[in-house]
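Have a look at these structures, which come just after this line.
Look for chain A in each of the two complexes below; its partner is chain B in the first and chain C in the second.
The block that comes next holds the complex of A and B.
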């Protein structure tokens, strides 16, 4: 019997949305390309050529134009990105018995080679396989733990393949990377570490474990174990059940019109209900979160007396939340609607006074059936009429959050 | 409103490049050569497909060379439908393009733009870019309220 050695791999597509556009459009190759999100307002992905011109992810388009006047801007298309994402996922499931669908373009996987085999060759072969079959450039990192594998793939970009398993090379890598390169360490957490002179990944790995725990809580301690080569974070081959579901995003154009805000609330609610139905859960608490151009944030929250996935009940609950989150005469930029305290539909207790209303249940069923057959949002609340131009654009009918099964956003 | 287009150098016949001295409109983008047809150019021109051939014609009438044609480079689709161009012997044409430009934003176009070709009083061909009200996305991206009518796509 062959004996295997195992390690953890991380695969990350290089400038994925741009690479995905290049798969179907060779004209875009080698040129500075930006993919626009938020209804055309922001650069959500940029090619390495555009990055070289100084454009960062997330900047507004008018800022990108100044830095990269020759940039080519294309509209995002999550349906297409999902097709390529799933093609990569399928290939990964062929090369590894354990694959985590982490995000639309990132996978963690169990890497195994026959004893004495080369993890470096494995990393290269996976990168080449994805390139050959899907035509998307990716970088693969292999190490003793997830955290190390991700640090390695970040360091090896673009189109890289790197396995680092010997301790000396590992130490050198950790010494070269600032601690902020670790996912989950930024801002306040980084500042707390800086006080103790923890600046590099190696500093963190060498720090006292109890100190790290006191500074960064249990999740920080997990990172400490991981940096020291002890796999503390498993590979999730299935997405754990959601604690919260949310829908929302940028308006593209700001608005201070309460009718338009209400229309966005209804749009987000209809999208949220699709999600509740898909996961067969009922919402016990709703939060409406609105951010404004002047930096203000408004929040409204309510608990439902009876958990629900019904449009009328959730809208009755969400309206006062919007009123609380609303700042009159200030331009709002984005909204999120969050459902928490989720109970599986099958286990939901029926209150004494809330027997299901057959008329409204039927209405919900008809709405679902019509939309399943004729297209998403074909049948929707008339309160969304102020957003007619949003619905007219098919690209708005499918978002990154609609790509199901991945662990992170 | 569309202030210009770009076409890959490799897609233009050598004879056409020479005849219209397109060399001076050439630029490099990411290592590939292209020809930019800009409205702000001293002599604005656009490529069109006519009788199965690629031609270069005058874009609009900004310089007032024609006394009766409108002094712009665009026309609304609705204006055409209302019949405003009916007596001018106008005909629809395709304007091939790889990219189009609006307020500094170059965006990808797969085939090209729709145009309206009219002869001026001397019989010379003049093309106008056909526009429609901008979609939400286009308005956010370019801050323009009108957008060019594209061939078999809408952004």
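The block that comes next holds the complex of A and C.
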């Protein structure tokens, strides 16, 4: 019987959205390419060529055009990105018995080689396999823990493959990298560490464990164990059940028109209901969160008498929430609709006052069936009519949050 | 204003009113407590968040100079708790409060007491009278079933219904409903019109009221004012509250009109069995199956990644077998408010209809089951 050695691998696609666009359009190769989100308002991903021109992720298109006038700007297409993402995921599931779908372009996996085998060769073979089959360049890092593997793949980009299991090489890598490169350490946490002269990953690994816990709580201590090569974060082969589901985002164009705000509420609600139905859960509490151009934030929250995924019940609950979250005559920039207190549909509490209405249940089924057959949002509430241009643009028909099963947003 | 206060008397009153003062408010004066000293009418502590207000009598105050002062809640609370003096002198000096003990002295800034909002006093001529023990029991057994977040109905408090002989309190969150009826008298019934509508008293006011009464206190007086406010007079306090706005659902319709199966069970063993069965539940699988069969109630639960369990409770059940799934929290919430040695009468129809739990002291608890699609 062959004995295996195991480690943790991290695969990260290189400028994934741009790479995905290049898969279907070879003309884009080696050219500065930017992918636009938020109704075409800002750059959400850029090629290395565009990065070299000084364009950062998140900048508005008008700023990007100044810095990179020769750039090619394309609208996002999450449906296509998901196709490639799932193709990579399937290949990874062949290569490894345990794969975590961390995000659309990142996977953690159990790396195994026969005793005495080479993890470096495994990393290279996975990188080459993905390139050969999917034509997306990726970087693969292999190490003793997830945190180390991610640091290694970040260090080896682009189109890299690197296995670091040797303690000395590990120490050198940690010493070279600022502590802010660790996922979960930024801003305030980094400042707290700086007071104790913890600036590099190695400083953090060598710090007293109790000090790290007092500064960064239990999640920080988890990182400390991981940096010291002790796996503390498992590979989740399935996404844990959601505590909350949310739909929403930026409006693109700001608005202070209550009719348009209501239209966004209904659009977000219809998207949220899709998600509730997919996960077979009912919402017990609803929150409407609206942010405004002047920095204000409005929040409205309510609990439902009986948990529900029905449009009429949820809209009845969401309307007063929007009224609470609404700041009149101030331009709103984004809205989120959040469902909490999720109850599995299979064991939902029955209501004392609002008994299930078979007519409305049928209506929901018909709406679901029509949209499943003829396309998303083909049948939708008339309240969304003020957003005709949003529905017309196919780029808005599918969002990153619609890619299901990922651990991370 | 100048007074010599018995520390314990002031501390007791302080503890009762501070729950009303909000910790944060756009009107900062509300975060404080107003102390009115008066040699003739007695001294009073007042607090309000504009929704709920309280006036509490302070015992053991020797008034040297009548007047009023605004006491910062946190600072004065700490002084009263940590002092070892039997008596403390409180006076206002140049817009400051001076609190003096034998070996200590505190100078605190103070607001103008005239800026503190009026807290209504009990001025009703016609009101209901209910025993303190009964009122505590009414609150305890119904207020847990409410839902302060609901916007569809006015469920953020308990509905109060009066008759010339009784007071009924009802709390519901739409999935379970608790109702209790207690004897009550009416004082001067002809002096004021009977309250109309559905007065719903907010949970916060009920909790404060519960804290302010003891079982051996004299009877409590309750009056609804203009269908908008409720005023309650206890031995030492007057509690005012605005009523919850909105519509309370027609709760009378939730009681099943027929019963197919009945069984009486001692509360203590039932509560223990439900608590045991709920150990092996999770957020994703909360339900506990209650299987009633001849002579035994079997509670079974199963949750992925948590395990499974069954707990058997011998009962005197003789009806046809009934399987019904409940969220165990709904049952323990109610059973915890009952005396363990008392008996609860359970009435069942089937797995889709409400189950009713009744006690001999006119308490009724209706719970809807969970759907069973596992």
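Going forward, the second predicted complex is superposed on the first by the 409 of 409 C-alpha atoms of A that agree within 3 Å, B and C clash if a C-alpha of one lies under 4 Å from a C-alpha of the other, contacts with A are read in each partner's own complex, and residues count from 1 in each chain.
Here is the rule we go by: a contact is a pair of C-beta atoms (placed from the backbone, for glycine too) under 8 Å apart; a residue touches a chain by one contact, two chains touch by 3 or more.
Since the structure is predicted, the reported quantities are computational estimates derived from the model, not experimental observations.
After superposition on chain A, the partners chain B and chain C are seen to fit next to each other with no clash. By the touch criterion stated above, A:316 is placed in contact with chain C alone, chain B being left untouched.
Contacts of A:61 after superposition on the shared chain: chain B is touched, whereas chain C is not.
Chain centres taken from Cα atoms put the angle at chain A, between chain B and chain C, at 130 degrees to the nearest 10. Legend: residue contacts after superposition of the two complexes on their common chain; A:241 is shown touching chain C, with no touch to chain B. In the superposed model, A:30 lies in contact with chain B only, and not with chain C. By the touch criterion defined above, A:393 lies against chain B but remains apart from chain C after alignment on the C-alpha atoms of chain A. Of the two partner chains placed by superposition, only chain C is touched by A:305; chain B is not.
When both complexes are overlaid on chain A, the residue A:69 reaches chain B alone and has no touch with chain C.
Superposed on chain A, the gap between chain B and chain C at their nearest CA atoms measures out to 36 angstrom in whole units.
Contact residues of chain C toward chain A in the complex are 147, 149-153, 155, 172-177, 249-251, 254, 283-287, 325, 327, 352, 354, 366, 368-374.
Listing the residues of chain B that touch chain A in their complex gives 8, 29-32, 98-99, 104-108, 110, 135-142, 155.
Of all the residues in chain A, the ones that touch chain B in their complex are 25, 27-32, 36, 38-41, 49, 61, 65, 69-75, 252-253, 389-390, 392-393, 395.
Listing the residues of chain A that touch chain C in their complex gives 241, 243, 285, 301-306, 316-317, 320-321, 343-354.
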